[in-house]
Amino acid sequence: MGSITLEHVNKSFGEVEIIPDISLEIKDGEFVVFVGPSGCGKSTLLRLIAGLEDTSSGHIKLDGEDVTGAPPARRGLAMVFQSYALYPHMSVRDNIAFPLKMAKTPQAIIDQKVDYAARTLNLGSYLDRRPRALSGGQRQRVAIGRAIVREPKAFLFDEPLSNLDAALRVNMRLEITELHQQLKTTMIYVTHDQVEAMTMADRIVVLNAGNVEQFGSPLELYKKPANRFVAGFIGSPKMNFVDGPEAEKHKAHAIGVRPEHFTLSTTAGAGQWAGTVNVAEQLGSDTFLHVEVEGLGLMTVRTDGDQTFSHGDKVYLTPDANRIYRFDAAGLAL
Amino acid sequence: MATRQTRTLARTMMAPAVIVLLIWMAVPLGMTIWFSFQNYSLINPMMTGFAGWGNYEYVIGDPSFTQALLNTLLLVGGVLLITVIGGTFLALLLDQPVWGQGILRILVISPFFVMPPVAALIWKNGFMHPGYGMLGHLYEALGLEPVDWFAQYPLFSVIVIVAWQWLPFATLILLTALQSLSEEQREAAEMDGANAVNRFRYIILPHMARAITIVILIQTIFLLGIFAEIRVTTGGGPGYASTNIAFLVFRTGILSNDIGAGSAGGVVAVIIANIVAIFLMRAVGKNLDA
Amino acid sequence: MARNVSVQTKTGFTILAWAVALLLFSPILWTIVTAFKTEAEAIAAPPTFLPLTFTLDNFFDVQDRSDYIKHAWNSILVSVGSTLLGLVIAIPAAWSMAFAPTKRTKDILMWMLSTKMMPAVGVLIPIYLIFRDLRLLDTVHGLTIIMTLINLPIIIWMLYTYFKEIPVDILEAARMDGAELWNEIVHVLVPMAIPGIASTLLLNVILAWNEAFWTITLTSGRAGTLTAFISSFSSPQGLFLAKLSAASLLAIAPILLLGWFSQKQLVRGLTFGAVK
């Protein structure tokens, strides 16, 4: 069991208000990702849930029980840190066993659980090593191992993959997702990488300056962003925004078009907007064109990787009429 | 970090240290100040009652005080001069590529670990004794008249002994500071065409300035309290020739059993130390933020 | 240190450095060799360098005359006892200041440092009188208390600078793993800080061992430490140079060895972390 409820949680450090007022309901077994730009308060929110910081006001409930004032040790949550935070003076085995020792678990059960965790995470051959003798990916697995043995109500991850190289990051992403499917325990995962957010989450919380901009499933956020911030943050490459007369044609203050929602033509006049290719980023599978559109500015356009473009090529763009996002003056979606 | 709970715990855990030090600082110091305004002698129990500034007038008015104050300044200043200049020179030397650097360091640092009375006795008997001290032998070998150091130059002799003890400290700290000057910085300076003198003047010295300040301040704190070296060599004499403030307080308070006057001297010593302390705290405090 | 220098330069510096170092070391060297000479040889003119007749008698004489072993034992009790007591008080305090700092932490640290600057003579008389009335004069435990108090600021400061280098994440991980404060300190912080704690221990044993104000003023016969022991050799009593050397060597040897191991820590400890 592990449902987590935040009620009007507020957090200030001294005079500075970091989180004005957040209410959230995370269901048992859900995989929730907190995303947002750097400094928006993701880690702070996670630490509030963990009990490593206390709220300035508001309540945090675990399975309906108010734990606002409870110390981390009593909350029954497990956390995986960005720095892994392994105990350098203990072997991998002792690292994983530490929470069980703290809970005064009998040695036989400790051994059994450590073995299970080691098998699950492929750590068998490293159990007697010190953390310093492990690679980054192995260390992260140990940190996860340490978290799973105590069978927590929920897992909290704070950018666990950001110190790993790109290939390993993709692997670990899959492993964590599989782990979630296997354990079915609530997980809260903080990242600023929106690809991680989209691929892993059941639901995503988009944070900005300590406020929840939107809370919904990945596709909901992609298809129905609540406002301009979410629209710009979710999706890669970023959505193109246009305001002024062009937006007024759609009865909006601003409109947004995702790079993948253009029809592209090289035939003169065969498109709504004419532009010149500035840079073409060819990834093989796709090509991202940065097009200087007359009167509207720079736009990113995604096309398949078969056509080649070069600097100065004339192109004609037509936004997909059904997929134009409209925003009012306050940035809210219309 | 830190929840309210952690902060409460933290306060509790800090309490013993704070309380113990608070008592240690406040109670005896308060008593010293109290005594310093009392007529209080262990020899003459009839002498009691409020003394006003009497003890201070007695202590400060006595020529021994002026002498002790001057001696204190000479002792501190002399030792600082020798150790800072000598320490800088030694640090620069030990920082050069030489054979046996490890052993050299051990040899140079050793005097610091010699307890003050031993240092004083070795110098007094083994080196400065006019009859069989090594310096006496040396003077004789050169055809000179051996000097009775402690009789003729008592304060200077004490300065030599104390400087010998503290030179390693200055050297070690300056060497540490020197070695933290990165190789790149020096190489960059060499590339820029700076010669050895300019490198010392514009790169090394400014870098070491902070360390030198710290050496001066910390040594001053310790040097103001020099006691054992005087006790086992000259006993403060002849007359008051090698008595510093610390030793004067000991002489007045403990040897002559005049608690009131001794305490007044103690208060004066505290005031002098505080003036130095303020500067030291500034230097160290700045470092806390970094 | 991979500066390229010619062999000549290196030789030159080596000779100079060794000459200066040996000069500084000579009083200690003199003590070592004289300790093994006979009294007659010790004062012979011209002096000999190595003992002609090697003798250990001086050491036995010193033990007979002044009971070295008793004083050494007192020194050990006071220096180790006061350091351990200091660590017990300082570890929790340093934990608080390093990991749960408040706006006042810096002021408290500075204030602790300032207590170290109070000259001993400023409080000598009251302490002397208090000790006299509490019958603590000339007792090992009385001296241990004083030594703890004078070194406590250094112990706290050193631990504080070492603790600051431990990532707070790891302590938080322990908290998440269900460790209460006691376990966090005993199972995580202390083992991680062992090198720093050992350095602190070492330096403070040295400082307490060599402390020569309180040990001399507050003890006489029973609780005398080695500083008091050696001070009893300060009045000349005929031919005694070799015995003095033997006594000196006995008094400094243990700490000299420890000192060689703790040079680096010394810098950090005595500069309150200002020079590392």
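Just so it is clear, A, B and C label the chains in written order, and each chain counts residues from 1 on its own.
By our rule, contacts are C-beta pairs under 8 Å (C-beta built on N, C-alpha and C of every residue); 3 or more make two chains touch, one makes a residue touch a chain.
Worth saying up front: this structure is predicted, and the values here are computed from it rather than measured.
Farthest from chain C, judged by the mean position of CA atoms in each chain, is A.
The most central chain, judged by C-alpha centres against the centre of all protein C-alpha atoms, is C.
Two chains share more touching C-beta pairs than any other pair, namely B-C. Rounded to whole angstrom, the centroid-to-centroid distance between chain A and chain C, based on C-alpha atoms, equals 55 Å. Per-chain CA centroids place chain A at a distance of 60 Å from chain B. Mean C-alpha positions place chain B and chain C at a centre distance of 16 Å. For chain B, residues touching at least two other chains, in rising order: 1-2. Contact of a single residue of chain C with at least two other chains is seen at positions 172.
Looking at chain A, one finds that residues 51-52, 71 touch two or more other chains. Here chain C touches chain B in the complex through residues 1-3, 5, 10, 13-14, 16-18, 20-22, 24-28, 30-31, 34, 42-43, 45-47, 89-90, 92-93, 95-97, 99-102, 106, 108-110, 112-130, 149, 152-153, 156, 168, 172, 181, 206, 209-210, 212-213, 216-217, 226-227, 230-231, 233-234, 236, 241, 244-245, 248, 251-252, 255-256, 258-260, 263-264, 266-267, 270-276, going by the rule given at the top.
In the complex of the two chains, the chain B residues touching chain A come out as 1-5. Residues 51-54, 69, 71 of chain A are the ones that touch chain B when the two sit in their complex. Chain A makes touch with chain C in their complex at residues 50-52, 71-73, 77-79, 81, 83, 85-89, 98-99, 102-103, 146, 150. For chain B in complex with chain C, the touching residues are 1-2, 6-7, 9-11, 13-14, 16-18, 20-21, 24-25, 27-29, 31-32, 35, 90, 93-94, 96-100, 104-127, 131-132, 134, 137, 140-141, 164, 167-169, 172-173, 176-177, 180, 183, 210-211, 214, 218, 221, 224-225, 227-228, 231-233, 245-246, 249-250, 253-254, 259, 262-263, 265-267, 269-270, 272-274, 276-277, 280-281, 283-285, 287-288.
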